[in-house]
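There are two complexes below, and they share subunit A, which is joined by subunit B in the first and by subunit C in the second.
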Partner chain A sequence: MTAASDLAPSYDLVVIGGGPAGLAAASLAARAGVSTVLFDENPGVGGQIYRAITTTPVADRAVLGEDYWAGAELASEAKASGALIVNGATVWSLDPQKIVGVSIAGKARMIEAKHVIIATGSQERPFPIPGWTLPGVMTAGGAQTALKAQGLVPSGRTVMAGTGPLLWLLAAQTLRAGGRIDAILDTTPWRNWLQALVHLPDFALSPYFAKGLALLREVKAKVPVHRIDRVGAVGKEKLSEVVFASGGRERRLPADLLLLHQGVVPNVNLANAAGVEHVWNDRQLCFVPVLDADFGSSVPGIAVTGDGAGIAGGTAAAERGRIAAIAAVRALRPEATLPDTQAIRQKLQREEMGRAFLDWLNRPAESFRQPEGETLACRCEEVTAKQVRDMARIGCEGPNQMKAFLRCGMGPCQGRLCGLTVTELIAAERKMTPAEVGYYRLRPPVKPITLAELASLPISEAERKAVER
Partner chain B sequence: MARTADVVIIGGGIHGCSTALHLALRGLKPILIEKDYAGRHASGVNAGGVRQLARDLLEIPLSIASMELWERIEELVGDDCGFSSHGTVLIAESDEELAGFRERVDDLHLRGLTHEELIDRAELKRLVPAVSDYCPGGVVSRRDGAADPFRTTQAFRRRAVEEGAEIIEGVTVTGLTRVGSNWRVETSDGAFEAPKVVNAAGAWADRIAAMLGEPVPLTVVAPMLMVTSALAPFIEPVVILRGRKLSFKQRENGTVVIGGGHLATPYRDRNETVIDWNKLALSARTVWELFPAMHEATIVRAWAGIEAYMPDGVPVVGRSSTSEGIFHQFGFSTHGFQLGPATGAVMAELVATGSTNTPIDGLGIERFRP
Partner chain C sequence: MFKRLADTGTAVAIVVDGKPVAARAGDTVAAALLAAGIDHCRTTPVTGAPRAPYCLMGVCFECLVTVDGVGSRQGCLIPVHDGMKVETQIGKREAGR
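Up next is the complex of A and B:
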């Protein structure tokens, strides 16, 4: 285990995040002779898609599928590349000077980087429905983490609700592992087909087409699927029922577990706090960083790659990581021999083919993104949708003013669970576009650190003298 | 056609908004021009301390007058501004430090100023039970307190508008010229004319002064703050130190705001600041030593607001030394929040009547003339 005190004060390249993008980037750069450190906050590398790839107790390869096991090669390549891979390392700050704040086992360090590749991936889109904070309601991603890392599957009455490929993948993985799913509530609006259809030919050529169809068939053979346009969680102390409706007809299902998922969006927090410029992507309904062809951001020396650059999936993420790494190596060690960029770009293009179809088809309906009434928008500070809407109506123009008025986004999650909701609610009430409304200005630390960790930062002799009593 | 007003105020911090309100209360028609939105910078993101304690003699009259307004803030602006009054305690970390504090308090008492009161170890422990045992005493100002800065600035803004002020946000002042008996204020959204102009532009005020041929040695600073997740209530007063940099207070929601003047790097042209974690680590160590109960607290956010610091650490309040009809109200040097209510009242009085009953001697811009 690498300790904070083992770290050098500076590295040529700091890669943040050990998913496919980060692993591929760190491997390539280290092999090209660049001093590289990869910080990953989990106990093992893999990110979410290949979570626990080196340690998972799920031995039957069929359960998680061959696409999962493809991660093992990336992990072993990275290990052999000469990059220093540090797990259990939480990066909590990054500034435009490329100073990286990182904590390992309760000890913090500020590390200087010449170049930074942010590969912090995606997060699940907030899914604010009535009752979503009840115990017994969790995200599909959370359930997948439990499956991959601990081999745990739901055993009580389980309902899944939402849209997007991950929902179906988790359903299949859960069923293969012997888990229970009583019903799937599909929230994909029918009218999405109108925009998706023109992209079907591209999608039909992508590797996801056949896999996707097989997955749907596998799940639908075992679980009843209902198309719905409204869903809520009901219960006193914890979830007891899922209420849903389609075209006005309301139904109830008793349940112990409700798994929610409506797609993933880039995890923008670190890049945003580092001052990277972002724009609204209307197809993916989220903010994405403004990037050049090599995934370089508006802040010189900081690249954002993988799904953090806009959702494209795990295999595309690895190629994107390689492209970002090649640009880093060119800047840091121009004499190094590099792989053929053109070939990587072509691979990436193939991987990204069909993305438009998936994006348009799985666009969550407005009613699932823009809650009403007493439904919580911000879980940390318990701010309701109505409060946000009312405040927007009386003149609050942006998410940063909203923070000051209602404290939404000021809790420990740093807006991860409410940021998009608040932007969209303000846009809806003020008849503006989310692009015009903008997003929270995020403040470091982007992950909470303890006072003790902060106090553990080494203090220079000069500073020590200045504060001696 | 330029829009006209009785007074144009440049800058929508607590000072500009307070001046706008007090001018409107006097029946004048002010227009306030703010380049971002009211309370975007220091006024909205400061530590919220409402403190008379440990102030420079020159600003004590303004501070005392402000305290009177803070104590009836709801009556003034229609919102309690989150103001609560549990005192400010300046903690001495050694006997020598306490001796120095005693001299200061004795001197104030000789001048008839009694808001600062020396306290011994027992009274310190009573007021701040969580403090480490090594501290021998301190000074308390019992009427002091804390408020919510953004809410306060917005409350002044709102009430000013209700009383007839016009507040224009997202508009930048680009020029200032004399036209007959008026000042013509050029902006990114057209021109404004008024016989009087108040420069309350905070960290950007030197640029306004420079337009008048009146350069000031203003430093742009960004004092850092950090806040913890909510803890069980354990401290009521605001605590400050002198030797080491610290200000410390627990808000009603349980979160603890830690500041004290360590500086971030400001970029005023981009409205950005970059946090210096090595210096915040010093604050963390100070808190660690002073309040052992805080060891496991979690830091959830750090930030800094951009503001102006003057070489002598006191603000510029008064008439321009070069230009008839221009008034300055800036440079509050990281402690202007508490002064906002009364300084606005005093400025409005000065603008409207030509003089003020509250002494502002020594705060004029002429002190920086070469």
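Up next is the complex of A and C:
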């Protein structure tokens, strides 16, 4: 275990996030002779897609599937590369001067970097439906994490709802593991096919096509699937039933567990707080960083790669990580021998081929992104959709002003679970585009740290004697 | 809500609100609570509504618990250890507590 005090004061390259992008980037850079440290806040490497790849208790390889196990190679490559990989390391600050604030086991350090690669990946898109804060309602990604890392499978009455590949993958993995799924509520709007269809030929050539069809067949053979346009969680202290409707006909299913998913979006908090410029991506309905062909951001020396650069999936993330690392090595150690970038770009292009189809097909319906009435938009501060809409209607111009009025986005999650909802609600009420409305202005610390952690920062004699300004 | 696929792994004994809970090596605090069938880990500071782990990936902050005396820790990011003391949290912080 690396302790905060074991870290050097500076590294050529700091990689933040130990998923496929971060692992691939750190390995490549370390192999090219660049002093590299990778910080990851989870107990082990792998990110979400390869969660617990070195420790999973799920021994039967068929349960999680070969795509999961492909992550083992990335993890072992990174371990052998010479990069210092630190787990349990929470990065809470990054500034344009590339000073990285990190905490390990309750001790903080400020580390200088010549170059930073942000590989903080994605998070699940907020899915604000009535009752989504009840115990017993979780994200599908959360359930998948519990399966990968701890071998936990749903055992009570379980309903899954939403849209997107992860939902079907989790369903298949749960069934293979002997878990229970009572129903899948598919929220994919039929009309999405209108925009998706033109991209079908590309998708048919992508590696996801055959896998996707096989998953759908596997799951649909065992679980009833309902097309729905409305869903809610009902219960007093915890979930007791799921209410859903299609074309006005309401149905109820008693349930212990409701797993929600409507795609993933970049985890923007760290990059946003570092001052990286972001733009609205209308196809993926989220904010993405503005990047050059090497994933370099608007802040010199800071790259954003992997799914944090815009959603493309785990295998694409590794290739993106390599491209970002090659650019970093070129800047830091021009004499180093590097792999052929062209070959990596071609691989990436193949991986990204089916993305337009998947994005358009699984684009969540407006009603699942822009809640109404008493449905909570901000889970932390318990701010309802109606409050946000009313405030926008009487003149609140943007998410940052909304914080002052309603405290939405100011709870512990720092807007991660309400940011996109609040932007879209303001846009809808004020007849603006989300691009015009913008996003929360995020500031460090992007993860909570205690005063004791801050106080544990090492301080030199000169710093101690200096006058604060 | 959840069952363990295989009852393997080293047993780790933790204490949740004064009661012993059998966890496994490799569990995070949040996963151990889910596996033990503990239905919520905190209540909210605004309305006192119960909350349970939601995302298990460090994003939602619903699984905040007191771990070994330190409050508002993200249970999904902290691995369990023998003798760990976990307390569920209640509503908003009282000054001086």
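Keep in mind that, in the parts below, the second predicted complex is superposed on the first by the 462 of 469 C-alpha atoms of A that agree within 3 Å, B and C clash if a C-alpha of one lies under 4 Å from a C-alpha of the other, contacts with A are read in each partner's own complex, and residues count from 1 in each chain.
In the analysis below, a residue touches a chain if its C-beta (ideal position, glycine included) is under 8 Å from a C-beta of that chain, and two chains touch if they have at least 3 such contacts.
Just so you know, these numbers come straight off a predicted model, no measurement behind them.
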### Message
Once chain A of both complexes is superposed, is A:133 in touch with subunit B (first), subunit C (second), both, or neither?
### Response
second
Partner touching more residues of subunit A, subunit B vs subunit C, is chain C
Contact-wise, after the overlay, does A:411 reach subunit B, subunit C, both or neither (first, second, both, neither)?
both
- Task: Using the superposition on chain A described above, determine whether A:275 touches subunit B (first), subunit C (second), both, or neither.
- Result: first
Message = Quick check for you: in the superposed arrangement, does A:52 touch first (subunit B), second (subunit C), both or neither?
response = second
>> On the A-aligned overlay, A:379 touches which partner chain: subunit B = first, subunit C = second, or both, or neither?
In response: second
(Q) Quick check on the superposed pair: does A:359 touch subunit B, subunit C, both, or neither? Answer first, second, both or neither. (A) neither
For A:151, using the defined touch cut-off, is the partner it touches subunit B, subunit C, both, or neither? Pick first, second, both or neither.
second
Quick check on the superposed pair: does A:124 touch subunit B, subunit C, both, or neither? Answer first, second, both or neither.
second
Requested in this report: Mind working out whether A:256 is in touch with subunit B, subunit C, both or neither, as first, second, both or neither?
Outcome: second
Intersected contact list for subunit A, partners subunit B and subunit C 411-412, 448, 450
In the complex, subunit A touches subunit C at residues 41-43, 48, 52, 55, 57-59, 63, 88, 90, 106, 123-124, 133, 135-139, 141-143, 145-147, 149-156, 177-179, 237-238, 256-257, 267, 379-382, 411-413, 416-417, 448, 450
Per the touch rule above, subunit C residues touching subunit A in the complex are 1-6, 8-9, 24, 26-28, 31, 34-35, 39-40, 44, 46-47, 49-62, 64, 70, 72, 76-77, 79
Seen from subunit A, its contact residues with subunit B in the complex are 93, 95-97, 99, 101, 108, 110, 275, 397, 401, 404-405, 410-412, 414, 443-445, 448-452, 454-457, 459-460, 463, 467, 469
Within the complex, subunit A is touched by subunit B residues 37, 39, 44, 93-94, 150-151, 154, 228-229, 243-244, 272, 274-275, 277-282, 284-288, 294-303
